[in-house]
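So that you can tell them apart, the chains are marked A, B, C and D in the order they are listed, and the count of residues begins at 1 in each.
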């Protein structure tokens, strides 16, 4: 008999499979989750399973208290971070975590990714933020839960809106990315890696390259996201 | 019933599909247009459609006043730039816009790509020009139309001929590339990204690498483009 | 009639085929061996055979004294290094040798790969060691055997445990990687190349990037390897 | 009726197809030739033909005076360089010319590729030489013929043996590579690009990285090429 979460698992499964296809992960790295707001739960990749072996029925369903409510496998070790973000940010529908190389490099350098061009501005109008590494007492505690807290607090303290900035680097670790649904979140994960690579190359060519000027930031963002947006089909 | 622009749409569709195959775009980035001089219109990719979902009948036909004359979807948000270039430069048959990483990096560094070797000279005898970012009042105006104006004016002021220099970087943004037909324009887009990568690597190895000397520039260009050209099959 | 080592050869063959698929080798570079502790022998790639031409029956079976006991071809020229490591370290089940580009670059720079982030700490809690190039008299002697001696002595002198540090760079040469079985060893070879690339990019972005702090090293390693490990499906 | 050069064309065709598969060329770049010493001629790629459109019967047969003796298309514009090398070096059986990015970058930097590790020493015991750009009067003359002269003279003046050093960078241009047959020449072209990339990465990590020490150079070369060679299957 099919699980009542069959469709949710399938969406989550297909989103996870995109990560290796887009060269955002190797081996067992990374994970995608998809939320079901009505049932207050989310689907997430099981921990440590290589993508070629992953099956839709392996996807684990977890509630917002991190309890497995459907599925035979252990959920991703990053599950508590996903749960915390879903709890605090009720506008997001899916979360992606990768260890894609350029995004990780900026995380390991503990630097946000500066907005250097219109490719960046088409997606967000700020630098991609980098949350500093956690304080030691939090690391020793409930680490993945506290990673969620750190991200949410950083957004709050810096007046960032998760609807406008759909990605973050966790210092010394790597990126978390989200979106209104699984396709958007995976799209954003792909865009982040590309922006991280472009910023890397730009600063290698010209270390003193300057941030995109305000008028161009505003223009590119508005054509995709403003009230008179004319990018896309709606 | 097939559109009278069926063949034009098909050519444009196939050219667009080459962009992801050549790793020049991710997701929905970039676009190719193909002009029909007889009917004073051009075919262009619809805005924001992922390449794997694109169909030939989705291609939009637009006239030189940016009016859609055939097709159900919104044309690319860069349509006005294409229209302006077709209007001013009646020798070009197709335009490509990408956000390929190395070309974008040079654009974000606001630097032209110096001619450092014969691979470059086989295609053009100047640095690949980089048009500076637009003045604020133009950005706030008809931005994509003004991008076209900037490119054409830059070529005019710098005595560049669009038949000889078939590519340009728009500062802080990325490349526009063209050619006599869709195959040539896509070929040039691929060459540009390769030249951008080669110049990047060269200057990382040797920051003081010098421009190709004049005699080699002349020789390599003439064997492909001079009156006694002996490259290729005609 | 099938060799009694048929299954062992097959496992070794399949592991070798993964190296080009994971972009860890070109042409004939690299090799994987798999040990059979019960029969005191190991299977290894034949020397100089391109991967597309390799067949399972080409795999050579060698004993711990480097004698071929089954197979028609010459074993890898690195065979004596494999044999020595199997003899001294009876916990390892498979060894991989590649010339993957980023790992080789660190080897050629004669530098260990610093632990800069949690991707690294998920796998080992030290820098990836780099054994200095051999003394001249050892090179002139039994070179591949002596390479094994050098690796084992370096681990001993630096109190490194081959169960905890499953990879090493040999200065001026390249990496050797191992694991409890062929899948683990190939997994580790893939991870090493990714860590080598991430560390490279990080230090290009920020030459003064610091090592991961101790609390994060401990946390990430424990969640995968500690007594309360919660990563994976066991 | 099949050309008497049918087999020669087929070998040359298949070798050419390997170049895009190994990511050594884009579009129409590069070419492979294969010599027929008995008939004093060689097969070479026609000029400017994209690889996906190339057919075995398109391959052109040229004699050592650069005259087409079989085939309907124009031979590669680099034909005279190939002819000169075949004439002067009667030990070589095939020549490859690519514009692979890392090899071109070293050529554009006008620097030889230093021998930094054993991957390099497995193939040659010197730096990969870079011939300086041609003098202007030679460029204006019979350019491709003179490129051949420059390469041969450089080897002669620097006491390099084309049997031991099977590759060269032409300054400001790119690499020429050869071997005893087409497979060897293509193999060497692939190895060159990998060595060029490894040397690039090494010097980015550590600009003061030193050349491989003499004892290791000798050892690695001898195990592949010495009288007691034990690499490979013969």
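The rule we apply is simple: a residue touches a chain if its C-beta (ideal position, glycine included) is under 8 Å from a C-beta of that chain, and two chains touch if they have at least 3 such contacts.
Bear in mind the structure is a predicted one, so any value in this text is a computation, not a measurement.
Trainee: Indicate whether more than half of the residue numbers at the chain A-chain C interface occur in both copies; give same if so and different if not.
Mentor: Copies use mostly different positions to touch.
Trainee: Quick check for the class: compute each chain's Cα centroid; which one is farthest from the centroid of chain A?
Mentor: So the chain farthest away from chain A turns out to be D.
Trainee: Between chain A and chain D, what is the gap in Å from one C-alpha centre to the other?
Mentor: Comparing mean C-alpha positions, chain D is 46 Å from chain A.
Trainee: Centre to centre, by mean C-alpha position, how many angstrom separate chain B and chain D?
Mentor: For chain B versus chain D, the centre distance works out to 32 Å.
Trainee: Using the touch rule from the top of the page, what residues of chain A touch 2 or more other chains?
Mentor: Residues 204 of chain A touch two or more partner chains.
Trainee: Any two chains that touch count here, so list every such pair.
Mentor: Contacting pairs: A-B, A-C, B-D, C-D.
Trainee: Quick one: which bits of chain A touch chain B in the complex? Just the residue numbers, please.
Mentor: So the residues of chain A in touch with chain B come to 22, 116-119, 187, 190-191, 194, 197-199, 201-202, 204-206, 209, 212-213, 215-216, 219, 223, 230-233.
Trainee: Mind listing the chain D positions that touch chain B in their complex?
Mentor: Residues 26-27, 29, 46-49, 73-74, 77, 99, 101-102, 104-111, 133-134, 136, 139-140, 143, 172-174, 200, 203-204.
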